[in-house]
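Would you mind keeping the following structure in view while I ask a few things?
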Amino acid sequence: MHTAILIVQCKDNKGIVAAVSQFLYENNGNILAVDQYIDEELGDFFMRAEWELETFAIEKDSILEEFKKNVGFKYEMQYSLSFNFPKPKMALFVSKLSHCLFDILSRYYSGQFNVEIPLVISNHPDLEPVVKAFGIPYYHLPVTKENKFTQEKRQLELMKEHQVDFVVLARYMQILSGDFINNFPNNIINIHHSFLPAFVGAKPYHAAYKRGVKIIGATAHYVTEELDAGPIIEQDVARVRHHNTIDELVQIGQDVEKVVLSKAIKYHLARKIQVVGNRTIIFN
Amino acid sequence: MHTAILIVQCKDNKGIVAAVSQFLYENNGNILAVDQYIDEELGDFFMRAEWELETFAIEKDSILEEFKKNVGFKYEMQYSLSFNFPKPKMALFVSKLSHCLFDILSRYYSGQFNVEIPLVISNHPDLEPVVKAFGIPYYHLPVTKENKFTQEKRQLELMKEHQVDFVVLARYMQILSGDFINNFPNNIINIHHSFLPAFVGAKPYHAAYKRGVKIIGATAHYVTEELDAGPIIEQDVARVRHHNTIDELVQIGQDVEKVVLSKAIKYHLARKIQVVGNRTIIFN
Amino acid sequence: MHTAILIVQCKDNKGIVAAVSQFLYENNGNILAVDQYIDEELGDFFMRAEWELETFAIEKDSILEEFKKNVGFKYEMQYSLSFNFPKPKMALFVSKLSHCLFDILSRYYSGQFNVEIPLVISNHPDLEPVVKAFGIPYYHLPVTKENKFTQEKRQLELMKEHQVDFVVLARYMQILSGDFINNFPNNIINIHHSFLPAFVGAKPYHAAYKRGVKIIGATAHYVTEELDAGPIIEQDVARVRHHNTIDELVQIGQDVEKVVLSKAIKYHLARKIQVVGNRTIIFN
Amino acid sequence: MHTAILIVQCKDNKGIVAAVSQFLYENNGNILAVDQYIDEELGDFFMRAEWELETFAIEKDSILEEFKKNVGFKYEMQYSLSFNFPKPKMALFVSKLSHCLFDILSRYYSGQFNVEIPLVISNHPDLEPVVKAFGIPYYHLPVTKENKFTQEKRQLELMKEHQVDFVVLARYMQILSGDFINNFPNNIINIHHSFLPAFVGAKPYHAAYKRGVKIIGATAHYVTEELDAGPIIEQDVARVRHHNTIDELVQIGQDVEKVVLSKAIKYHLARKIQVVGNRTIIFN
């Protein structure tokens, strides 16, 4: 079923829900889901509505304009409109670890993700056979201090060439430059192997072991220029005990990482995420 | 802040959200929260809206009538209107175990519950000192096979006398008759010490031990005539290990029970629960 | 590192720990892990010890006999001795769903499992490409009421031919006969898609939806003749909300299933499971 | 039942388990529980054994000496011996929040804790009625920058006077001086309202809200001079969503805090905790 998804944001005000829902009703929109959220601290109103396109009175390409004219303008709204088709194009960046990659490809294979994966990029050759087995092109672009700038340029060219909509760092162990990041604002999802903000940076399982925590976790977040500090999309945790070695923390943690990352991808694909400052609204 | 809460249910139809929100907007209602849910299986639409009363153009006592005339009638809605004042009156039924009682009284003491507790009823004398310390009347009504009918009559009189709105069975180890239950449809909350539907009935921790489960749980539900089969409001679980004795299961479980029961009470007090068949919608 | 694992069971008695550990010490065993458990209800003592073989004074093939003579006989012990080499051989049985299969193969690929997978058997052809991509033979043995007996015979032949040590039913949607099961006592692991003992049998997610539970789960257990009633190895759960459709329950549940099943396999491979009646001790 | 609990620590070595268990066996000790742990990184061995005193051949007061002579000396062990009687004496420090206090007192009331509570100390008068209702003396010692030193002296006098064994900071909102702390090494338990090491210091729920985490937590730890940096005893978490206000985070978090703190007290009372560097072994 083809649907449209509208997310709006504006100062909280009387009549907004009425205005938006009236707009959809008058144009014969069959609403499938509608969610609101009022951020009392900011005084801001947020709404996500999804409706069937087939019966809708306004042409796909005119919806935004009509909405602006009839509703958006009056309430000084910011809004974004998207559609659940064609399938968005997702690029995967990986290094050597396979658990997140397999989890994503497995869902891709079984049709759980409404997505296309035009390419996988890696700074190592290791995972090429896995990716090839799924019929997906694999680009091996080793990164060193010296060639980082050039390789990122190449990566960006590949993104363009394959018309990539968003990027998933599935345990890609390189830090992207601000320049790369700015090409995909709120469109690069990273999985960090700790419950942020604890254990930012390298080797979080080692740090967790050393600190003697009883719970470890993983965090999927949008990438911003500050390392591991972007808006959090999803987190989960697992219990550990004193006898668990660092290697065991790694294995226990990987099961959390892969599920958390795939949930974040699912929210992103369904346009259920709205970033507000450094926080996310998850319309779920 | 004084608020009104409207919950509506009707066949799903275009324009319902618009109609309800338009009604609130036209009457100057400042919406604090609005949630919808479409049950695709039933084809039913549900909505909960909460708004400030102070600025609302319609008198408290006329809201229902006006709503019916302007919206409810057209969409053949069922609806219920309530207010967050005066505080609802909650009766507690207990037996010998104190953990749920203490948890509820502790929240009552700290102002976490918007509720009055006019009385506690027990079939045992044990918890009277605890209840008295909180300044709440305690009625000791021992129940036997023989006097059950009489005692329930007395209990119902007490409910009436104290104008009780709803009843919480905080580990009350007697089964209420259908007659009693019918006096409080969807207004008796019970905590069962298992993750229903597993381990219905007596001694669920013993049964859990015997079955060798790795997770135990607790379930808060509305009481219906069929034992432990009413609509589930909230559940939670805790991990156990093979070395945990039944006594340890009981202690671990009690921590789950008390938190689950108090959450259910909180949802009930905030009118966030809508019963649909044998399921609950939790507008949260 | 080559290790031996000894699990003993006997009536609880003074001096058992001393006797076993003395035996290992005297023979120069470097203990890597030792765990005891006293089942107070049964009055039974259980112990698992793992030690390095390299420095051990007794030849691999004589350990059992020596242990019996020096310790086992005196305390009327039952005991089992195993080694972490050669790698055990695990057969996978699947039907159409790929999530558990992928999860297992992904861990197999990354070396997380100390196992060989000589073959995969399925009653459907669907997953053959996946399995082939990992270089594992795939046997398509469709099962009907009529041919069930013959096909099980064929399956057993394949087990023999490939010297299979244990079987994992990774969402294999056929019920094995008692005859088949008796060939692999406590060596067939099944994943059931509910938190047993709730929702035994077919379509547990549908049943969970209908019952309106707030938590769904999955259970890995050894297969016995009674359906979904064998000793539980591992369980886990996930929260669901009223708006989750059955399809969403399925997707949420699959993430729990695959992690639970893989944990059970890991325990089984490490010989950390002892079955006692219908319960399991997990030496972890 | 009267029991003795021995915890030993030494360099890992062959024969330690044999030596300790032989010592208990020869002296007719009926072992109720025994747990070992080998810290591979440190190369250290840890063991906790609990046994019945009634039948034990060595007098209570001579056990330590005999153990040292027969076992401890040989392996250069550190060891601590304790008994489950008389009941340890626990002092509670509170400020204004009642949830942890109620939870502890409720377990004390129901006999879940093997403890005496000779006094409660607070820098505020608010919780006096609650404490008095349980028949426990309440000392109101307001703390300011100016009188902090004097008040701590008074607190220490009260600890001495009441023969306090350990201190529980049940949301006591004052920072204790190093001098006070050094009087109770590994005997002051604090509950911090975040999953440490995230959100050290004041107002962690505000910080969690601002960071937009999807999970909040609580941490019970031994108090050391560095704020919120002592050995972690227990942690737990709860999910939150974008719509939860800071006040809601506080309420959700309090349910975690109280259960985590009470679990830590239970471990401490059962002498199940061994501090190693800045980590804890929980023999459970």
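Here the chain labels run A, B, C and D in written order, and each chain numbers its own residues starting at 1.
Note that in this section contacts are C-beta pairs under 8 Å (C-beta built on N, C-alpha and C of every residue); 3 or more make two chains touch, one makes a residue touch a chain.
Owing to the predicted nature of the structure, the values given are computational and were not obtained by experimental measurement.
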Common touching chains of chain B and chain A: C, D
Label of the chain whose CA centroid is most distant from the centroid of chain C: B
Pair sharing more residue contacts (C-beta pairs) when A-D is set against C-D: A-D
Mean-CA-position distance for chain D and chain C (Å): 37
Interchain centroid distance [CA atoms averaged], chain A/chain D, Å: 41
For chain B, residues contacting two or more additional chains: none
Complex contacts: residues of chain B adjacent to chain C: 37, 40, 195-199, 210-215, 217, 231-237, 241-243, 245, 278-282
Chain B - residues contacting chain A, complex: 14-15, 17-18, 21-22, 24-25, 28-36, 38, 239
Interfacial residue positions of chain D with respect to chain B in the complex: 97-99, 102-103, 105-106, 109-110, 112, 130, 133, 251, 255, 259, 262
